[in-house]
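Down below are the structures I want you to see.
Across the two complexes that follow, chain A remains constant while its partner is chain B and subsequently chain C.
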Partner chain A sequence: MTDTLATAAAYEKADQLPDDVRAPLRELILALADSKRVLGLRYSDRMLGSPTLEAGIAASSMAQDEWGHARLTYALLGDFGDDPKALEHERDAAEYRSMNALDAELDGWHGMTAAGLLLDMALTAQYAALAESRYTPLRNRVQKLLDEEKFHFQYAASWARRIAQVPELRAGLAAALERALPQALQWLGRDEAPGARRMVDEGVVRDLPSDRRARFLARVAPVLEEIGLADPLGVSRDAGEWTYTGRLDWAGWDDATRRAGGSLDEVTAARARGDKNRALLMD
Partner chain B sequence: MKEPVYEVFARKSREEPLRHIGWVNAMDGDLARVYAWKTYDEQNWAEMCVIPRSAIIPVDPGESQFVTAARDDHEDEIVHSRGTGSYGGADVAVKEGR
Partner chain C sequence: MAACASAPARFGADAEGGTALLEAPSAHPVPFGERTGPLWDALREVMDPEIPISLVDLGLIYDVRQEGTSVEVDLTFTATACPCMAFIHFDIQDRLQQVPGVDEVTVNEVWTPAWTKARITPEGRATLRTFGVSM
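Coming up: the complex of A and B.
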C-alpha cells in the first residue's frame, strides 16, 4: 500500500468499493467464512478422545473460536447484499468454498496438529493481510481473531514438537504435514487471480498471495525445521527467507472458490448448516 | 512420561493483585499458557500467568498447598508428591503412542 493510499479515506460500506474490488473481496470473505466453519467442525470431532483432558478442553475452545470467527465473517457479507443467515443455513454442500484440505476428517491427533499448524495458520495469514484494510468493517473485526489465533498456533506447534519425538507417531505426523502443506500454500491463491492486485492497490488487502505465502512460511517453517521435517517437506531457507521447493499444481484451480474441484460432502454440510436443529433456528 | 503441573494466576485489572485461580497439567510452558487461557476463560482477565509448581518454593513446606516436601538427596529440589487432596493437581502419566 502506498503512502497515498495509507492516508486515503476508509471504505465504510461495501457499495463504496470499486466493482473490481468488491467482487473478489466478497469471494475472499466467503471462502474464509466457509473454511472457518468447517475447520471448527473438524476440530470439534477431535476434542473427545484427546491425549489429555486439557488438550481436549483447548480443542473444544478452539472449535468454538473457529465458529465464532465464521459467524463474524459471514456477518460481513450482509454489507455485500448477501443474507448471512441463508449463507450459514441454506446452502448445498457443493456451494461451500471451504478449503479442499478440510473435505476429509482430520486423521487422529497428528491430523489435528497438521491442520492447526498449516491450515489454520494459512487462514490466519490471510486474515492478517486484512487487519489494516481500508474497508473498515473488516479492519474492525480482524484483530481480536488474530489474538485468539496466537493460542491456536502455540497449541499446534507444541503438539507438533511432542508428536515428532514419539517414534511410532512421527511418520504419521510427517505424512499429515506433507498432505496439508501444499494445500495450505495453494489456498492462499495466485497473484494473477482477478482482483488480487486491485485489492492491494486499493489498500483493502495488504499484499499479494505470494507475499502471504512468504509470511505464512516465515511463521510455520521454524517449527518444521525444529522438528526436523522442513527439508523432507520441501521447505528451505535461502538468504533468510523460507521457500517451498515443491510444485503447486494449479490445474483445475478456481480463483473465486479457492478450490480445485471436489466438494464438501453433504453430511458435513448438514452439520455446518445445523439441519438437525433447523426447527429451533431463531431470527 | 509425566506431565507436570502449572499453577495459574490471573487478575482482572492492572490495579488488583494476581491471585491463584487454578492449575493445569501440560508438557511445557507453551502448552500450559494455551491450556490456562482456554480452561479459565470465564472471566475477561487483564493478565494471566502460569508457573511450574516445581518452581514454587514454600516458606513453610508443611503448610503449603503447592509444594509439600523437599527431597532428602537434593535440599533445594522440590517435589510435589502430596497436596493433591481437596486442592487437586498432580503430575499425570501421559500414555505414549496414542
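Coming up: the complex of A and C.
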C-alpha cells in the first residue's frame, strides 16, 4: 500500500466504493464465501473413514471453521445490497461460485491433505490480501479468520510430511497434490481481470493475483520441497522466489465466477443450502 | 479447533511465528475494573453454553451501553464457528431485558480486536482451572 493510500479515508460502507471497485469486490467476496462453504462440506465428508479417530475429529473441527468463515463472509454481502440469507439458503447449484476443484468429493485422506495444504491456503492467500483493506467491514473480519487458518496449514503440512514417508501412500499423495496445485494457483485469478488493478489502486486489495500466487507458493512450496515433491509438481526456486513452471489453462475461465465452466452438483448444493435443516434455520 | 469455551485447548499450539491469539489484547474492550453497574452484573449471569463460565469472565463482552431503554452490546467469540452463537445472542437479550428500564437490546458481533485468552478475567481463569482447563 502506498503512503497516500495508507492515510486515505477508509470505506465504511460498500456504497462509498467506486462502481468499478464495488462490483469486482462483491464477486470476490461471493466466490470466497461459496468456496469456504463447499470446502467445509468436503472436509466434513472426511469425518468418517479418516486414518485415525483424532483425524476425523480434526476434519470435523476444520469443517466447522470453514463454515464459520463462510458465515462471516456471506454476511458482508448485505452491505452490497444482497440478502445474505437468500445467498446462503436459496440458490441453485449452478449459481454457486465455489472453486472448480471442490466440485468433486475429496479423494480420501490424500485429497483431504491436498485440499488443506493447497486449496485452503489459496483461499487464505486471498483473504490475507484483504487484511489491510480500506473497506472496513471486510478488514475487521479477516485477521481472526487468518489466525484460525494457521492451524489448518500446520495440520495439512503435518499430514503431508507423514504420508510422504510411507512408500505405499506417497504416490497417492503426489497425485492429489498434482491435481490440486494448478487449480489452487488458477483460482487466485488473472491480473487482467476487470477491476483487479483498480481494487489494488484503491487499497481494497493488497496486490495483484500474480503477487498473490507468489505469496501462496512462498508458503506452501517449502513443505512440498521438504517432502521431495516440489520438483515433480513443477515448483522450483529461482533466486529465492518460488515459481510454478507448469501451464495454467485459462480457456473458458470466467473472471467474475473464478471458474472454468461446470458447476456444483445439486446434491452438494442442497447440503450447502441446508435444505434438510430448513426448519432449524435461525437469523 | 473451534467452539466457544473449548477453544482454549488450541492455545498451546506451537504456531510458526506465533499467532495473534497468543498476543496481548488491544484496547477496545472495557477494562476489567470498569465493568460495573446493573448491565454488567446481569451479563455476569449469562453463561457460556459449553462451560459454566460467564461471558463477562470469558472476555467475550467488549462493551455494553444504554441510551434510554435501549441497550447495545459488543460481543465477540473465541472462534468464528462457535456452534452456540445464536443461543448466546438469545441469552444476552433475554437476560438484559429483565433489567429494569431495558426494553430493546441490540447485540453487535465484533471481530476486531480479536479475542485472546488474555481477555479472560482472573475469576474466569480460576473457574476454568476448576474444570481442568489448563491456562
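Couple of notes before you dig in:
Throughout what follows, the second predicted complex is superposed on the first by the 282 of 283 C-alpha atoms of A that agree within 3 Å, B and C clash if a C-alpha of one lies under 4 Å from a C-alpha of the other, contacts with A are read in each partner's own complex, and residues count from 1 in each chain.
Please note the rule applied: a residue touches a chain if its C-beta (ideal position, glycine included) is under 8 Å from a C-beta of that chain, and two chains touch if they have at least 3 such contacts.
Source: prediction; values computed, not measured.
In the superposition on chain A, contact of A:140 is made with chain C only, not with chain B. By the document's definition of touching, of the two partners only chain B reaches A:168; chain C does not.
Once the two complexes are overlaid on the shared chain, A:151 sits against chain B and chain C alike.
Contacts of A:109 after superposition on the shared chain: chain B is touched, whereas chain C is not.
By the touch criterion stated above, A:243 is placed in contact with neither chain B nor chain C. When both complexes are overlaid on chain A, the residue A:58 reaches chain B and chain C alike.
Residues 58, 61-62, 151, 154 of chain A touch chain B in one complex and chain C in the other. Interface of chain A with chain B (complex): residues 51-55, 57-58, 61-62, 109, 151, 154-155, 157-159, 161-162, 166, 168-169.
Residues of chain B touching chain A in their complex: 3, 24-28, 30-31, 33-35, 37-39, 41, 92, 94-98. Within the complex, the chain C residues that touch chain A are 1-3, 10, 13, 15-16, 19-21, 79-83, 86, 110-112, 114-115. Against chain C, the residues of chain A that register as touching in their complex are 58, 61-62, 64-69, 71-72, 139-141, 143-145, 147-148, 150-152, 154, 282-283.
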